[in-house]
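These are the structures, in structure tokens.
Two complexes come next, and they have one chain in common, chain A, joined by chain B in the first and chain C in the second.
Presenting the complex of A and B:
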């Protein structure tokens, strides 16, 4: 049994120790395959904004840990979205009429109300899979892909992550790369940037507007964009209780970033809408983000605090502070309060409306999501482990987004109208892990 | 769950409750022993700790060379006669034989006799050649004979299972717990020799501090994340001699009777089980300055302090 190759000593010892401990090797293998079996995470989530969008989502995630500690994960997400979303136009003291995205119908908005397009209902299916493989003792490589499909949108992505442990595994360096291809085929076609939204006449819109579409080409075809993300991170074990992480991310978007369903109001000096035009955004966006997170284990809980700063060439700078505090109520249950605060500055092309008298800018959007705003989330989660080792958790959160006026005037009739209404939402989630 | 009959005299154990697990403690094999149990049920934790302590004490009594009634003492005083051995002892001796062969004679359970010359107490008492030379002739597993049911040790020689006994006990205890309490993740930690019975819920790792001999006063532990399997450390944190600025490791070369040259201060290895990890750590130390190279060739997760 003399072995000349040192490389096989570990393998020979594995056999010898099995004999010593009175286990057959086959037995040991079966054992570990039972222990490292599939685990499932399931969740259902409801997100509902007051008078606006509501979303229901189901998630099933399955993870298998293999005997060489490689991990395979596959995840399926299904969500349905219904409700209304702000179309970008300003409120008016009179009733307003807008064309639906299809261009074949119209909807009216009451005086004083923020114009909401209630056409939204969509179903999204997303599938993602990844494989993590440890190698050469202190390295881990992960590769994954994802596909997402909704009625007017399709997204394909691949990603990779490389991690290296250093200094007795107290430090982990990571570098990641992902490439995403998104294709959008807007309902009714892609509108010509800053062209007028045509409102169909009440009676015979069918004939007139199908013809118009073809003739003027205000809406035409589909478009796409690509996103390249790079991530560099360091995770450091500070001591037995504390873990710290720093990440830098670079995101480069190239292509169609415009929301084809968003419009702007063109107003006269008295604040009265004269025209409604489709928005237009730059065809690229470069974003840098810096992320810091610390987790600290208490005697009966965990403190998790993170801060993110992001800045991009659309001039949107954002700050996010997120904190979770987990209290163990007993050995098998916990509560976890959550507070998140978010703040962003407006994109340089954001404006709540266009002035009829001014020159048409190259880029413009009145979408509140690229405007100045603050947002906060407060929530509570309760989780419990069952006798059989399964775990369930329920989470309830309140979310409020407060768009702010980034220094724009509200001339004439706009003075008395709320151009920056808050968005309020509740989030309910139920998880089950087995 | 299996009902395990405990002996009349139960060893003293203590149990304390942590955030999401319990710790059972007792002393055995000249080490502080810890049992980490993923349960909030203290009564259950106490039962498991008692089971662990009882099995550890059984192995300690059976194989300690300090106890005159142990199997090892029985062999060491056999004066060259064949001694009948029970199946467990036979398995341990057969394992020692395999280790001797795999290491080309560097790992030898008959080399413990060098202890008569070397006392690793941190002093500068380095023995001279005249003290060591006579002992070398009493070392050599190849002179022993292991048959199916007996073991023969030449007169004047000694065996010492210290190099594998504790790791074996850790694995045995882990096995006993695993058989009786499937579904509960338990860490068996005898002074840094560790075995996890099964994965924790939600694939969380156990975070375990291992002594870092490189740092003064050993206050800085290295935190090791362990999901399953075994972990063992071989090192000379306290066991060494220092003379004229030269450090003499307690890892002795059985061929020369002197410490191996420039081994790392300590080596920790992760493997499928604790015994395997312990042997690999010891074999790495025996490679001296080539320890890192040896471990890299084995392709196992490891930590080295120089």
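Presenting the complex of A and C:
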């Protein structure tokens, strides 16, 4: 997250992506012998929420297959995010004032509106590379790393995957390990858990507010977390048309999982906000996921259906069904409808607000993303193969999140306010493969 | 109830894999499975972009691949 440089980063990103694409194409034309073993997958994506966040993202993925069937892949991702994000506080029948993350400025939210922090502006660069090496006829080993950097966040990771083919390559067993180190350096410092947000006064923050901040030390420093993932899978060819995969994943997160920019409202018995405090989440999380996918070849297309069940010790259980149905319109074009449905239960520390009369809990978050919610995506993709073998595709999708009330009361003035507004987004993407 | 659902899911999945040795095809029957669009990771760029969006907006990630960390998502 960044507080300045509100220039045309989206334009710069688009330019950079185009430059990369153009450069690659130019190379392909002038020196095809060098790149004949390389394949490039490129994409530009726009994600835009109504009145909230928008994201532009560019991807260039280059893959080289060597003579011994080993495969090298390198992927560059650039994205820029801007717009407003729910800060976690409840709507009120009056105007509310919040501190920006820097602590040096404030913003106001109109009566009846869900408080959104419009400070967010971020650019992220990610580089990932992997090498897959076949050996001993039926084994494959893959090793990879990834680095991701944004204004207040850095992530470093390494991963490895071992695969073994059995029964004339009809069955493949796989086991993978990934270790990720993430470091966060929040704008304005890391807030003390459940401490009050101090709102700078319009006139005198220069001398008084900053002094106050130093005295209380409510926001200070950075933090980090590690994520250890294990993934075990079985892939099975069922018959000439169908194959199936089943994965079990274990993910152990240790460290700072709190969102330093999210807050909770502390309300009185009439639902009126008395204080705003920073959230606090447990410093560990253990997740289990069960993933099943089937692909079925039609005479003129492919059916792709997957289901994921995930559960964790934050008591978040989720179900995800994802399906893509590809219909070939001709030998060189297709359309592909996409439907996804997602449902999650609330974390055990989720609450939309805190009661002034109750003791402060150890952990609390009003972030709707760890609350009860359903979401769906519907989309359509059209793809075409050109005469030179290059492929392009375009996809348009609609994504809607519907947060739910997980059984919390809405006392007093909150009764008539929408505490669980839907989030609606469009996704537009263009792909080019050569 | 939720635990039961997990067990049922696992049993159903395992029962489908139970006959692995008798399933499958001969090498010359792979004409359809060998198509690019039949690869499990086909459209990898799309899947990666989707993973980033849903990782940022929902509480669950991974399953198909590593859940990972990787962004301070707003």
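Here is the rule we use: the second predicted complex is superposed on the first by the 398 of 434 C-alpha atoms of A that agree within 3 Å, B and C clash if a C-alpha of one lies under 4 Å from a C-alpha of the other, contacts with A are read in each partner's own complex, and residues count from 1 in each chain.
In this section, a residue touches a chain if its C-beta (ideal position, glycine included) is under 8 Å from a C-beta of that chain, and two chains touch if they have at least 3 such contacts.
Predicted, not measured: the structure shown is a model, and the values here were computed from it.
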Practice item. Using the touch definition from the top, say if A:170 reaches chain B (first), chain C (second), both or neither. Key: both
Practice item. Pick one for A:137: touches chain B only (first), chain C only (second), both, or neither. Key: first
Review point. In the superposed arrangement, which partner chain does A:190 touch: chain B (first), chain C (second), both, or neither?
Key: neither
Practice item. Identify the partner contact of A:281: answer first if only chain B is touched, second if only chain C is, both if each is, neither if none is. Key: neither
Exercise for review: Figure out whether A:237 sits in contact with chain B (first) or chain C (second), or with both, or with neither.
Suggested key: both
Practice item. In the three-chain superposition, say which chain, chain B or chain C, touches more residues of chain A. Key: C
Check your understanding: Counting only touches as set out at the top, which of chain B and chain C does A:155 meet: first, second, both, neither?
Key -> second
Check your understanding: Looking at the overlay, does A:65 come into contact with chain B only (first), chain C only (second), both, or neither?
Key -> first
Revision key, fill the gap. Note: overlapping chain A surface for chain B and chain C spans 1, 168-170, 237, 239-240, 297
**Study point:** Interface residues, chain B side, partner chain A - complex
**Key:** 17-20, 39-41, 91-92, 94-95, 98-99, 101-104, 168, 171-172, 175, 183, 198-199, 201-203, 207, 209, 212, 221-225, 227-228, 271-273, 275-276, 279-280, 283, 294, 296-303
Point to revise | Touching residues on chain A, where the partner in the complex is chain B | key: 1-3, 6-7, 9-10, 12-14, 16-17, 19-23, 28, 32, 35-36, 39, 63, 65, 69, 137-138, 168-170, 237, 239-240, 297-301, 328, 330-332, 385, 389, 391, 433
Review point. Along chain C, where are the residues that touch chain A in the complex?
Key: 2, 5-6, 9-10, 13, 16-17, 20-21, 23-27, 29-33, 35, 37-38, 40, 43-46, 48-49, 52-54, 57-60, 62-72, 74
Review point. Okay, in this complex, where on chain A does chain C touch?
Key: 1, 41-43, 45, 47, 53, 55, 57, 59, 61, 75, 77, 79, 81, 85, 120, 122, 124, 126, 146, 148, 150, 152-153, 155, 157, 159, 166-171, 176, 178, 180-182, 184, 225, 227, 229, 231, 234-241, 243-247, 249, 251, 253, 261, 287, 289-293, 295, 297, 302, 306, 308-311, 314, 316-318, 320, 324, 326, 342, 344, 347, 369-370, 373, 375, 381, 395, 399, 401, 423, 427, 429, 431
